[in-house]
Amino acid sequence: MTSVAVPAPHVAAAAHAKTGLWSWITTVDHKRIGILYFVTAFIFFLAGGIEATMMRIQLAAPNATFVDARTFNALFTMHGTTMVFLALMPLSAAFFNFVVPLQLGARDVAFPRLNAFSYWVFLLGGLFLNSSWLFKAAPDTGWFGYANLTSKTFSPGHAVDFWMLGLQILGIASLAAAFNFIVTILNLRAPGMTFMRMPIFCWMTLVTSFLIILAFPVITVALVLLMFDRFTGTSFFVPAGGGDPVLWQHLFWIFGHPEVYILILPAMGIVSEVLPTFSRKPLFGYPFVVYSGLFIGILGFGVWSHHMFSVGLGPIADSVFAITTMLIAIPTGVKIFNWIATLWGGHIRPTTAFHFAVGFIAMFILGGLSGIEHASPPADLQQTDTYFVVAHFHYVLFGGTILGIFAGIYYWFPKVTGRLLSEGLGKIHFWLTMLGFNLTFFPMHLLGLWGMPRRIYTYDKGLGFDTLNLVCTIGAFVLVISTLVFIVNMLKSIRGGKPSGPDPWDARTIEWSIPSPPPEYNFAEIPTIEHRDDLWERKRSGKGPYPQPANAHVHMPNPSYWPLVTAIGILLFFIGLMLSIYLAIFGFVFTAFGIYRWAFEPAG
Amino acid sequence: MPSLPHPFRRLSFWGCLGLALLLAGCHAFPQNTLDPSTDFGWQTHKLFTDILWWEVGIFVLVEGALVLALLRFTRKRKGAGEPEQVHGNTGIEVAWTLAPALILVFIGVPTVMTIFRTQAPPPKDSLKIEVIGHQWWWEFRYPEYGIVTANEVHVQRGRPVHFEMTSADIIHSFWIPRLGGKRDVIPTRTNHLWMTPEKLGVIPGQCAEFCGTSHANMRLHAVVNTPVDFAAWVRAEQDTLPPPKDDSLAVQGAALFVNPAKLCTTCHTINGVSNGVVGPNLTHVGSRRYIAAGLLANTPDNLAKWISNPPGVKPGALMPVVGVTPDEARALAAYLTSRK
Amino acid sequence: MATAAAAADHHYTTTGLNSRKMLFWTFLGSECMFFGSLISTYLVYKNHSTTGPYPHEVLNIPLTSISAFVLLMSSLTMVLALAGVQRDRIGQAKLWLAATAFLGMIFIGNQVYEFHHFVTSEGLTLQKNLFGASFFVLTGFHGAHVTVGVIWLLSLLIMAFSGKLSSKNSLDVEIAGLYWHFVDIVWIGIFTLIYLIQ
């Protein structure tokens, strides 16, 4: 491209509004899409939290009547589905969106409109799923919807339909995003950024994206088979017609196990960025952390039946899956040891982001240890489907993923907004979270061992469950308070926080070399990379800042509303499957129309 | 099968038991998995505690290293210069890859051995009991004795019991924690679980796979009898009771029971009186300790309450409100109580 | 060695591979898992039907072999179409695009005939047994994919007739070709596992 001498980078794009609702609706800017993901996902996180708090109130005492059985069953179903698909995954996506292009030295993701499309489909899918509450048809068969409870015979009505179709919609969003991020990470790295010089968060995003594209189609098929059973009367999972409910479990968990690695790897990536910055030394064993991530991803497809140890698959299957499950503990442990070695010998600056990253390690270790108990099928027969496993997965998903995400929020908030979150409020948030989290979930290990199954809306007195359940509920309220502290911190700091400048943490990766918040085009000139942690090396070598020529010609994509139109078509199609074949046909045609206009739109 | 762990591990066993009892307090926790009372339960419990000790060690080491690093290396004063930019150490990576692998061998080998031992075919002289899960109650059949009962399963101390299990509708899970681990009951398959009970008593359990509205209310009890008591129970169950004679309320109830308008005979079997198979067999319901699948103590008042409004007691219950007056409910309760 | 100037080039990619093509390959990866799961379901339920009709009673190998051959030939015509576009011989491109779409339509026609025959003459429906369910869902999704492909090809044909196709945007045809070959390969898998190995 030829250079044109202008005083500032000339953004070659049709004039379009930068503010206002329409600019957000048509945005294809990865930074804005990241913010949209974050705000939406956080609201769903609060919804999931409210669902959890209601459950905890019901379980605070034996034989309580705060909510009835059906409501409770819907609460735990929606809590799980919301937290997994509408909160944790999109919160990770918020970071993929905002951070990855900046860390790679790119102007945007490879396919900006596809990126916007992923967000809109996610939003509409989440709204669709939650609209079920309004129709008194909230799904109530658990987040993993085991057949044949989900058949039309045992779940008449639309509750399961909302769950089944909602997940299909959300699957499309996740797949589209994953395709986009794989291409972005493979193809849009700055010159000189070989794979082993790439920030570790980008590595984890890459592995996560591969997991998504390989795992989601399997649950898509499982849900398709369920759709056929419920809508057309086939017997894929109906015993009377020869179907096998256990097939659902296999298909679901072949997706479901990689899904939990999809949930944890991004947070591990965040922790792997935060710890080196605040220890002021590089990530110890970077290649080993990378290989561990790869190994976890691959092996993650070989452990699924450890969710099925009580099904009676036979001693050989049980043994094989026990061994593969134990094997996966090894790369997980390697990561933990490398994090600790990163801290070792460092000059630690204990910022709030750092606190949450350390909290992640401490809590994830506990979650991993309870996981090892589960890996042994005979021991697991006492633990599966009890509060012990509820404790396990909350330690890894809350103590792990959520704490990791908070670390990421406190770390990258300055880059997004140009302001720092309050460290004082942040520390209060952290300690209240640690207190509330452990109060809520540690006792659940004991409750499970004492014989309390999961997914029960009440329990009898005289079983010894009373006191600890009350403790868990108190912990839940502490978590509510900690969340409020965080919300206050966010709201105060967005406008009133201390200005951060481009590099408040004296960090290591190149997103900290550009202004906070970054300009629309991110980098006036794409930097040339010579090292891992290139910014740190550059700062220490005295080379000066990256060249920011005034005469660069920058080409940014046009905004577009076709991603939203296509997303609406998809929503109408799935609603139509539930309600009316005519609406489904209309939705299909509308989607095709959206795709055509999208394909032939000048990209700008 | 020895009921106590190998003498070698006695110290570890007593230590674990002490810990377990400290945590468990025996009778305060009737569904306590840490208080097994069968060989099967002991084997899996031993695996649990062995793994637990490894985990305590790992926890102390790793969390300790974390805390130590934080304490030692948190910056005490600013401007202390850069720490050494250590990138890694291949030797240490190999070491801390192999060490966990080794520990996992110590966990994996006993695991696989226990899997095969506990899933071996049951002994030939086992007491075979067929278990059929329903929404939301448990059916038990004793083919050896021709007995069909529900929700309360009698077994004999010292005699291996072999549960052969399936479901009539959807997936449930059979779990009596103090007898041992759970096994799902699945409509297309037959699963097997066997164990030898060692302690007498009434041992509660509940369904452990979410199965709909009243999953929480699908409870059951195992009653471990001495051989003499067990034989007596079998004889009582095999008896066909004559219709009630002396108790006028029970006589009324008997008539109501067979009244088609009350629908009882559509779903329930009382030997010699009716043979409905949708609901539990009620031939000797009077001798059970609980009704409605472990939900209510078996008293006339509770029976009347249940009969009057089953979904009110157990949300979603498939037993309908048939429309009985309070007097009719009491009469039916008296009749059923007489079926011991 | 990559430089800032190279990065400023519109078409610069770190791997040297076109991004749209790479995106499409990731999509095909997910499609492998999609069809793999459907095929696995079919195989798991093979011999599990509680009632007939059974595969050996209804599957018409000779007819299906012909339609498999037709689809295979359509991959050849697809390659020829791409060659035409890449060499700016748009007349050739139009011919071979039309041929590919036409062969695809023959394949679909045969599928429609087969489905119709099964339902009306053999009594094999979705609901009849597990064979019906897993067969129709699997081959139905494949047929839907072929249909989407035919529509895609016809769009390209229209573009060609509108003068909008040339070697400059041959990538559009190349990606359509990738899709078409994938759909063909899936059929080879289905044909082998369902029709030939019984």
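A, B and C label the chains in the order they appear, each numbered from 1.
The rule is short, and it goes like this: a contact is a pair of C-beta atoms (placed from the backbone, for glycine too) under 8 Å apart; a residue touches a chain by one contact, two chains touch by 3 or more.
Nothing here was measured: the structure is a model prediction, and the numbers come from that model.
Asker: Would you say A-C or A-B is joined by more C-beta pairs in contact?
Answerer: A-B
Asker: State which chain is most central when centres are taken as means of Cα atoms.
Answerer: Central by C-alpha mean position: chain A.
Asker: Counting only Cα atoms for the centres, state how far chain B is from chain C in Å.
Answerer: Chain B and chain C have C-alpha centres separated by 52 Å.
Asker: Averaging only over C-alpha atoms, locate the centres of chain A and chain B and give their separation in whole Å.
Answerer: Distance between chain centres, rounded to whole Å: 36 Å.
Asker: So, what's the distance in Å between the C-alpha centres of chain C and chain A?
Answerer: Measuring from centre to centre gives 33 Å for this pair.
Asker: Send over the residues of chain A in touch with two or more other chains.
Answerer: 243-244
Asker: For a test of understanding, state which residues of chain A touch chain B in their complex under the given definition.
Answerer: 68-70, 73, 141-142, 146-149, 154, 239, 243-246, 279-282, 284-288, 310-312, 314-315, 318-319, 322-323, 326-327, 329-330, 333-334, 336-338, 340-341, 343-350, 358, 361-362, 365-366, 369, 372-373, 375-386, 446, 448-459, 462-464, 540
Asker: Which residues of chain B touch chain A in the complex?
Answerer: 23-25, 28-34, 43-45, 47-48, 51-52, 54-55, 58-59, 62-63, 65-66, 69-70, 73-75, 80-89, 92-93, 96-97, 100-101, 104, 107-108, 111-112, 114-116, 118-119, 135, 169-171, 173, 175, 177-178, 180-184, 186-189, 191-192, 204, 206-216, 315-316
Asker: Would you mind writing out the residues of chain A in touch with chain C in their complex?
Answerer: Its residues touching chain C are 1, 110-111, 114, 175, 178-180, 182-183, 186-193, 213-218, 220-222, 224-225, 228, 232-236, 241-244, 247, 251, 254, 525-528, 547, 552-553, 555.
Asker: Quick one: in the complex, what on chain C touches chain A?
Answerer: 1-4, 6-10, 13-15, 17, 19, 22-23, 26-27, 29-31, 33-34, 36-38, 41, 44-45, 48-50, 126-127, 129-130, 132-134, 137, 141
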